[in-house]
């Protein structure tokens, strides 16, 4: 059982795992940055009063939230070719992650903005500030504190979601586990190693997220 | 061309409904098992026993720190090495139960934690034992805090059933995947899959939003 | 009835109860006062083991409170506790709040428990509110319900931890009236409070605590009018200026 755990094999495959780890890291970083941009734009559309941009934004967010990420990935992976687009898997994967996390980020930001007390807006209006000034000086600085911990949480979710890209042949960390299993037929060594790497990433990201939560809750206590 | 494929799609529509039915079965069984186990774990997580808290904590950390697809691979490929050979469907249920109960555990523990210490003290001073305190005083009040995120977690679990397609369970996503090989109309096939998932997820999302508004009162 | 023998308690490095020796006979009404942090709340919370002690003994009705083998359920059935923040169960009606312990701890039949609960609510003057929820009551009413809840098990001892400190001034009187009535029925009571009028009216003895120690004891008149120690005098002058 565990006694036969073959560490030698793991060391043999370590270069492969590190390649996969690097790939996962790159995919995650690129995706989260793109998702942030998408989320900010989607949120801005969502809270705007203009119906022609508000309703498509709502539709986008609700469709993403009501359908599984894997289905969204397959939709793009199998669907884009039918439109004549030959997109490499890794870019398809990043696109799927970007659209998926973007919707959740839009909602996180929206919740953050809504969390700022109404009275703050009223005070700003009474001082004569216009919409953009109120956003810039009153709402966004305060909303930021509430928004950052859940955003870091979404970051963690995205790293785990990236594992699904292994199913469309992207050579990230999970795929390395699959490769090692099919080559050597040692699933224990392969997938426990993969799990171990993910847990390391998780604990690092979680430490940052917890730290941000502590620092920001302190500021909220008045 | 679209017309040709569309008629094929109508032809295999029953296949999709079978997939939806399988998804619903997995989802329902998982929701029930995860809720039961999750509540128990959540109570353990809130207990005064440091040992119990730590053990559940390690379990939750592992589940939350690794992708679900990796957990499924571990259960399906590694457990046989240890003597437990499972078919795809039971393996999927086991994986869902393990994953979902960890998340529900945290929701329940959070709800119990939100109850003011004074309620515990008042119940203790009256002479109630631990089980009575939880059953009569603490958990009924905690439900207000637990219910909205719990329903939200149910939506997530329904969507996570799509990942069990990787071990061959013929649920809705796998039906789409198998279909798209024969009918290479990716957009159409997975739009249909998406619509079917939407039809079971969206009502729950609306319920979760409604509960969140109601409980905030 | 209640005896403290060389009781000591620490919160980390803080010595919150310092060599407490105290005897409270049956039927005595004891008022405990002192500055915040003096250990007075901790003292009464040790009597029904809401807090644990590290050294010494507390004996209630010949039962050692902090012994491993003590039946806590039986012990707590003899002691009623009223909290500063009331801590009524918000998801239950007033009547259900009072009935909870008799039904579940003493295993009394529901209809009998209801009769008992109504009697206790009558004692505190709130029978007409039995089907209301705590959120619908004023602070004074909630605290009176809390007293009824404490009385529900027909205890021999009632402990009060600053029962009126969280109330608006105009509601303090209704709660103190209920407590005065209890005294006239011969209940053994320990009350942590600053209400001097109450102490002078019904207390048999006053205890002044500071820094975890019992600094001075005496009859209410003797204590409030002629304190023996400087610290007590300083404290009394401070609460008088309010």
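Here are some notes:
By written order: A, B and C. Residues from 1 in each chain.
Keep this in mind: contacts are C-beta pairs under 8 Å (C-beta built on N, C-alpha and C of every residue); 3 or more make two chains touch, one makes a residue touch a chain.
Quick caveat: nothing in here was measured; it's all calculated off a predicted structure.
With chains as nodes and touching pairs as edges, the resulting graph is an open line.
Taking the mean of all protein C-alpha atoms as the reference point, the chain centroid lying nearest to it belongs to B. One simple way to say how far apart two chains are is to compare their mean CA positions; for chain B and chain C this gives 47 Å. Computed from the mean C-alpha positions, the centre of chain A lies at a distance of 54 Å from the centre of chain C. Between chain A and chain B the centroid-to-centroid distance comes to 20 Å (mean Cα coordinates, whole Å). On the chain A side of its complex with chain B, the touching residues are 1, 62-63, 65-72, 74-75, 77-83, 160-164, 166-167, 174, 177-178, 181, 187-188, 191-192, 194-195, 198-199, 202-203, 206. Of all residues in chain B, only 61-62, 64-71, 73-74, 77-78, 81-82, 155, 159-163, 165-166, 173, 176-177, 180, 184-187, 189-191, 193-194, 197-198, 201-202, 205 touch chain A in the complex they form. Touching chain C in their complex are the following residues of chain B: 116, 118-119, 121-129, 132, 136-137, 140-141.
If you check the complex, the residues on chain C that touch chain B are 48, 50, 72-73, 76-77, 79-81, 83, 85, 87-91, 100-101, 104-105, 149-150, 152-153.
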